[in-house]
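Next come two complexes, and both contain chain A; in the first it sits with chain B, in the second with chain C.
Up next is the complex of A and B:
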């Protein structure tokens, strides 16, 4: 069907309340929201860190050792400790939202949200155990 | 005719990246970012790292984790800047920098993983 609706860039501004750029500092819930959104910066940093690790391993035993030494320097360690906390926050908040995005049906019945959430936690534990086993087995 | 918007695809990438990063990153940060640097656990030997990363299955998983996580970052960061800083006039530039950055990072990831013997 052809759309006959014509949209213009004109917005009636007189009904709009001016929102401060710092609106997210006004309430704890807003701040928690921005904090949650900012976990993505730590996700990006950790991709960089993983790729540095992969590059160092490809570069030979010496470059791998240099990366391990660098990872123990105070600022990298502090950044990664913060990254760990933000990753946990990211995981928990993402899993909480999952049942709303993912409505699973068995037959015609929707699976209760609590079960979908629990499924994510079980998968998280299993994936973590698998990664730890792969990395740490001698 | 409908115009095709990339938003649903970008949201799918954001969502998939959110799930894989949530599932795999906390343990990886704990191991390689905290426990091994602090000496709580012994670092895997170089030969062991080569064997793990040289395995095609691990390489594909690592690539998926890196690429999807980068698109997760791109989408979320773009929307947060949009909501938080009200910079509508920079929309196109921001999209280029975020999704473009994620695409470049994904290519880098593929190259680095490919280099592992």
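Up next is the complex of A and C:
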């Protein structure tokens, strides 16, 4: 495919405006998008934290207690609180976007987007309830 | 309510300027005037050298797309009174080279559009004697909203990905490819996949979602792209697990 530059060789005076490095600060929607993309860093941190937790549990009571003490330090608490908020943001924005990508049909009729969205929230609540039941049962 | 509003209109005259400048004009602001009426008033009564595109004045031709107060808009469907007391800033669409004043070059889109074959591709045409290709209302609903695209380029202007990487094939071209992919008379989905599955095709999209928000015809290009990502991923899985075909 011919590039734009090749096509416009004969029109050198066309004005080409550069996108600012700070384009994501120009509109709230762009900033919200960048925040959503940033949530992947916090998802990664939660995965690392989960692995640390599994390792500590496998290491016995003493290593588990060490992890609990470390987790109670202010900076880990702050990091995990921020991570929790970003994870909620991640989930909510993912759910909002899901009906656009996931067009479900029942028979020949498409399921309304609101129902697809509601289905995600119901699944989220059910999974949370299951985890709560497993944890609180002990 | 004031009966006049100030328009700050972008000017780029390549023979005398290397950057955009702004002219200010006061125009009447009756409640039924759109931004395009204001521009036509300037052109007819104040400065005949102002250049911009327009045609139908009714949201069909897609030629009067401009940036109004920072947002991509069809100027024939954007009322001046909504911006009172003003001022109102009118600029060319972003992410495209500016030819003159409010006119941008959309040649890049036109070349990309052809690549996705936005027409019905048939393996075998049935003879005329067998009549039309009939569709049920449900089959029509599968693609009808994608067919509403008027190539106004507001989605490209709102897309930061296209602004940063002009190789990205872009929202409207992909939505129009999907318009034919979801048409049950079409057999060209496999041919389009070669183009759409490129890195600069659907995978270039990071789902900012602004293309859908600014679309004046409710086409939902962002949805079209995400749906195709699902299709492409499924096809890729199928070719991995069933290399000889299902």
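Please note the rule applied: the second predicted complex is superposed on the first by the 122 of 138 C-alpha atoms of A that agree within 3 Å, B and C clash if a C-alpha of one lies under 4 Å from a C-alpha of the other, contacts with A are read in each partner's own complex, and residues count from 1 in each chain.
What we mean here is this: contacts are C-beta pairs under 8 Å (C-beta built on N, C-alpha and C of every residue); 3 or more make two chains touch, one makes a residue touch a chain.
Bear in mind that the values here come from a model prediction, so they are computed numbers and not experimental data.
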Figure out whether A:37 sits in contact with chain B (first) or chain C (second), or with both, or with neither. both
State whether chain B or chain C is in contact with more residues of chain A in the superposed arrangement. B
Applying the document's definition of touch, where does A:17 land relative to chain B and chain C: first, second, both, or neither? second
Go through the superposed model and pick first if A:26 touches only chain B, second if only chain C, both, or neither. second
Does the superposition put A:101 against chain B (first), chain C (second), both, or neither? both
First (chain B), second (chain C), both or neither: which does A:109 touch? second
Which of chain B and chain C A:76 touches, first, second, both or neither: first
Find the residues of chain A that appear in the contact set with chain B and again in the contact set with chain C. 2-3, 19, 24, 37, 101
Please output the residues of chain C touching chain A within their complex, sorted ascending. 12, 14-15, 18-20, 70, 94-95, 97-99, 105, 107-108, 111-112, 115, 138, 141, 160, 163-164, 166-167, 206-210, 212-213, 220, 222-223, 226-227, 229-230
List the residues on chain A that touch chain B in their complex, please. 2-3, 19, 21, 24, 34, 37-38, 40-41, 43-44, 46-47, 49-51, 53-55, 57-58, 60-61, 64-65, 68, 71-72, 76-77, 80-81, 83-84, 87-88, 90-91, 94-95, 98, 101, 123-124, 127-128, 131-132, 134-136
Looking at the complex, which residues from chain A come into contact with chain C? 1-4, 7-8, 11, 13-17, 19, 23-24, 26-27, 29-30, 33, 37, 97, 100-103, 108-110
Which residues of chain B touch chain A in the complex? 1-2, 15, 17-19, 21-34, 36-39, 41, 43-44, 46, 49-50, 52-53, 58, 62, 65-66, 69-70, 72-73, 76-77, 79-80, 83-86, 105, 108-109, 112-113, 115-117
